[in-house]
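I have a structure here, written as structure tokens, and I will follow up with some questions on it.
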Amino acid sequence: MTKPTLRIGLIGTGFMGKAHALGFTSAPRIFDLAFDLELHTVADVTAEAAARAQAGFGFAHATTRWQDIIEDPGIDLVSITAPNALHKEMALAAIRAGKHVYCEKPLAPLAADAREMAGAAEAAGVKTQVGFNYLCNPMLGLAREMIAAGELGEIRGYRGLHCEDYMADATSPFTFRHDPAGGGALADIGSHALATAEFLCGPITRVMGDCLTVIASRPDGKGGSRAVEVDDLGRAFLRFANGASGSIEGNWIATGRKMQHDFEIYGTKGALAFSQEHFNVLHYFNTADPRGRQGFRRIEAGPDHAPYGLFCVAAGHQLGFNDLKAIEVAGFVQAISGRTPEPFNFRKGLRIQTLVETIQTSSHEGRWLEVT
Amino acid sequence: MTKPTLRIGLIGTGFMGKAHALGFTSAPRIFDLAFDLELHTVADVTAEAAARAQAGFGFAHATTRWQDIIEDPGIDLVSITAPNALHKEMALAAIRAGKHVYCEKPLAPLAADAREMAGAAEAAGVKTQVGFNYLCNPMLGLAREMIAAGELGEIRGYRGLHCEDYMADATSPFTFRHDPAGGGALADIGSHALATAEFLCGPITRVMGDCLTVIASRPDGKGGSRAVEVDDLGRAFLRFANGASGSIEGNWIATGRKMQHDFEIYGTKGALAFSQEHFNVLHYFNTADPRGRQGFRRIEAGPDHAPYGLFCVAAGHQLGFNDLKAIEVAGFVQAISGRTPEPFNFRKGLRIQTLVETIQTSSHEGRWLEVT
Amino acid sequence: MTKPTLRIGLIGTGFMGKAHALGFTSAPRIFDLAFDLELHTVADVTAEAAARAQAGFGFAHATTRWQDIIEDPGIDLVSITAPNALHKEMALAAIRAGKHVYCEKPLAPLAADAREMAGAAEAAGVKTQVGFNYLCNPMLGLAREMIAAGELGEIRGYRGLHCEDYMADATSPFTFRHDPAGGGALADIGSHALATAEFLCGPITRVMGDCLTVIASRPDGKGGSRAVEVDDLGRAFLRFANGASGSIEGNWIATGRKMQHDFEIYGTKGALAFSQEHFNVLHYFNTADPRGRQGFRRIEAGPDHAPYGLFCVAAGHQLGFNDLKAIEVAGFVQAISGRTPEPFNFRKGLRIQTLVETIQTSSHEGRWLEVT
Amino acid sequence: MTKPTLRIGLIGTGFMGKAHALGFTSAPRIFDLAFDLELHTVADVTAEAAARAQAGFGFAHATTRWQDIIEDPGIDLVSITAPNALHKEMALAAIRAGKHVYCEKPLAPLAADAREMAGAAEAAGVKTQVGFNYLCNPMLGLAREMIAAGELGEIRGYRGLHCEDYMADATSPFTFRHDPAGGGALADIGSHALATAEFLCGPITRVMGDCLTVIASRPDGKGGSRAVEVDDLGRAFLRFANGASGSIEGNWIATGRKMQHDFEIYGTKGALAFSQEHFNVLHYFNTADPRGRQGFRRIEAGPDHAPYGLFCVAAGHQLGFNDLKAIEVAGFVQAISGRTPEPFNFRKGLRIQTLVETIQTSSHEGRWLEVT
């Protein structure tokens, strides 16, 4: 019995373009998807990059005009890994063309744009996905499942981080990530901390932000310097609809930290602790363990934590970053088939932008704000 | 050559009283102090407790009237480990009697009281010490020394915690720690996080607080329940005089956590990470390490980190909690001799109370406040 | 410019078959290989398994006769992931047909068989690869490079482990892994510890073995039980040609351990420590670090550690088990092109079998043996 | 009710002398001992050292003749922390004088001497103690208790280490620790690994040793060099009377390691892992934990693990090395009172020497030996 085919167009061939391509390649080999996937066309701004990606990733066609992908009626799904500022135009075009859209995070620099995109997708009835792939980790799935099942009891406190050091060097140049419209550490990586917080604990209702520019200017690449207006680190206090409180920090000048996407969550019956620097492990404290035998358990990801078992036969082997991307692809493809809901659609991507902007505004105004 | 003798009076014989007594006993055996220490009189509310402490700790005399210690002209130093609400009366009486005073933290429930105490001590010219003994850890000394020497470069970010779970059980009864005047997690253990933050990074100038009561009432021990008004967890955003920003959290309902007095500090040249759950270790990242060989170093406390070598001959042996208390005693005794400044006097204890109250007020008012 | 094509035949579609298929799929997308790879034919014993793998892994053809792959002149490379007992017959047939052979470990149950296979491959001039993929970890490459460059000075001691618990349950049935000819923990996973030891420190010259059967019999799957003769754990003392001594342990009844493929290596100038349970990290101690600042550094795998950067843009993202397999595939394909030597050919696979058997014999005889 | 007094004589005032003195001081303040302890006389070879210790440790008398302590009928207990070569003479003299003897490890350089000492003590009816204080750790007590109670099921495997780097520098001079009679890494620190192994798993019945001299000569302190005959690292395979097998390694040239006194123990129902570098923690794996929730639990020492609660009020505060010594002193004093058996008497000290020598002989002869 043959499956229908889903034809993929990919825009952008950098790190994330490669990660998408690998995801499209490995997902159907690891999961039993509803579709066969065909790598149809890849686009990049230079013919050389496009051709290299065509050959390297195994696409049938290459182009320097991303519009070719939009205009090709044979393409079903458009993956957007171009610079953030282009997400909106590309996604709206793809949606108008009736295609499903898989867009790297952030969905758009501004929540208003993201709202327009989410609305357009819903109106058009296409399926969408935003690339918050850390959520695809089976151990985050386990954490969410444990919380939902009440294994931690009532949630009382949350602390989330996403700290790295890739902008710690003051001599690293001004880039699109420093653009006043939508840039900054909170948007770039604090957004992951926010996504994880809501993934685990549900909606955030109020925030108090604290966003700072620490490195006031950066080289402009032309021998001069350019003032930076976006935050290098952004913190927030949080209130959740479930009654819990928490905090997050996004920080891209956290010297020495490479992937401190960490959280701790405290409940009346138990607690969880996690670090993305060792993302195949979840630490679990159970207050029901006998006295004198209590302690955080180091649970290693294994076949008990789906879909890990589709990748590796036993615990301890470990998934890697690109495996998370394959899980993300699989989830989106299954959603397109209608079997499952969209894992993280544009509406959810908008939600993250809304949280980011509310925190930024709160910081600017120095007061708590409702998240609307 | 004989040393002068410093005669000690101890008020309170619980866990902290014992820790003080052990400190007075071991400090002169480990350090070359300017004084011999004589355990003169111990006081507790019951004759039985006082007598047990007299015998157990090796005091010459016991009493049920703490005033006996104040009134005895032979006593030079009064250690106060009685309940927080009594600190002020006892300390002021001791100061008036011209005695040096070693008071457990918090110095007093309210900053106004602490201010009066600090002023009285300064006016009387006696030496004082507040028991923030985590600061006595050689690895915190190392961290402070590294920061002061510029080994981390300019400080850009700080994150401090003090989280435990000793109040996580909602059925544990209302105690003096829940008293509206001066109680709560921020005052009780968040104060440690604040003390460490200023110890390492210098003065905090502005704060934005977030303090919450999570367990609304607790058993009153008489079959009923009593409303709790103090915070179960308190968070704050911080600004330091050195230009850095940071955050702290004090949390006594942090399920599973026993001593999460942790910090991370990020500078332009390096970073430090620490956890009190493994307090003989400091993690250090040096950006000057060669590419491909960088990483947080796990520095084990050893004789290179004074005064560790006075306790143990080699790294890896490890100090314990009571050793920190011995270091605290030694520091105070040396300060009494005039050899060194007071390590953490009443003025500094007041400072912590001021920070706590400013954070609480900030939380209540929902806005940033200057620390004055 | 088009590349020549290497056509792949895969025998076996279980966990390892899937891992090979994924490796052949992702390697050319991640690495710039000398060949295009074509997934030509997959074989398994049942038509259903073969067809499922054909569709799932993306092979053009499927068969239930592995001989079809051997006999097809269009196939250049044969991947063997069938049960160990079949490796020899299949590999010799493939070699005779002039095909390159990629065989899962162990190369053969007995060293004598492995020797015949290695000799045949060399005589035929085909390239070979045995699947010791833990060696493909960039952090093991880093360790080897540091040792070779003298960064650790002279090597003085080595300790290697490979401990898991997949046979710890005495009620788990007798399998081919318990077969007297070639089974046992030392052969199955101790072999990894031996491979890593020689990968890092060079040839082992003498061994003293200690191999034990702990679970004397296991269910035979027919309601009875079957005596186990192979070891459940195997230890060895080692002497290396470089003058160092060491030890290894292979243990498949190590309750709670999932992937304790660990090592420590001590040199005159430094030391390394590693655990496969966190395989994107290498711990490095440098005796040249200044006093008071020394400690094991936790180096996170990153783009400085080739070929990590081809998979992920930054440190902290982490490779997974299947990425190691892609690196293994890439290394073999490049070797087939003649660009690089074979990373771990049949001669090296034979070497591991020789070490295993010498240790087993040494254990049986209770005395040190030369490794010949 | 007054207690009888036990008068202490201490021989030696170095690191271990200080540790003993601190133990005698703090033990009666922490434990409810059957005796009051009186620090009577301290002896060292120079008058200056003796006087300094008298004042520093709080002894009533000082002497340069250790025989004064033996000859003083008022002294009940003699603590010996002099160089190893003197242990025998001093201990036998003390025993002959009817005194209880507390001797630092190793009991004597040679088992024959230790045997004579143990026999003499038993004949004289005095109580003895050898200073294997790592065994006094509450977490080792917990481990032993769990094993004895069957919480791990049947024990199947053991792996113990004691590795440090204090002799890793080839330019560090020849000392008494390199003396052919009784020196070496196995005797000095491997002995701790052996003591822990038997403490947890019971008697070792057979051994196969592997002892090596790595640094062939060391500076003699007179401008020349002196050949080293003792081992720099000693390994052993072990068989236990309970049927389990295991291994240990003692290594004093383990670059970077400060206190790697570690063990793992695997049973049919659970496993334990421990490192002295973090000795307030025991890791415990319970196979009865539910699927998907299994993992090593990090148990923090606390009041549930006696006698921790006598030192600290709550988990996470942590004991230090000197606290272990206080526990050792308390155990010995209670044994002298007859309340409890001797925790680690000369007979047990002899046992360790016997194990060390059997391993050394086994290594020399290259064959397994029974431990007799």
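We call the chains A, B, C and D, going by the order they appear; numbering starts again at 1 in every chain.
Heads up, the rule we're going with is that a residue touches a chain if its C-beta (ideal position, glycine included) is under 8 Å from a C-beta of that chain, and two chains touch if they have at least 3 such contacts.
In UniProt terms, the chains line up like this: A, B, C, D = Gfo/Idh/MocA family oxidoreductase.
Just so we're clear, the structure is a prediction, and the values are computed from it rather than from any experiment.
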When contacts are scored as defined above, which chain pair ends up with more C-beta pairs, B-D or A-D? B-D
Two copies, chain A and chain B, superposed on Cα atoms differ by a rotation in degrees, nearest 5, of 180
Using Cα averages as centroids, what's the distance between chain A and chain B in whole Å? 41
Distance between the centres, which are taken as Cα means, of chain D and chain B, whole angstrom: 34
Averaged-CA centre spacing for the pair chain D and chain A, given as whole angstrom: 54
By the touch rule stated above, which residues of chain A touch at least two different other chains? 257, 294-296, 300, 302
Flag every residue of chain A that touches chain C in the complex, lowest number first. 15, 18, 21-22, 25-26, 28-30, 32, 56-58, 164, 166, 257-260, 276-279, 300, 302, 311-323
Given the complex, residues on chain C that touch chain B span 142, 283-284, 286, 289, 291-300, 302, 304-305
What residues on chain A touch chain B, complex-wise? 152, 156-157, 159, 165, 168, 170, 208, 210, 212, 214, 232-233, 235, 237, 245, 247, 249, 251, 253-257, 264, 266-271, 273, 285, 287, 294-296, 366-368
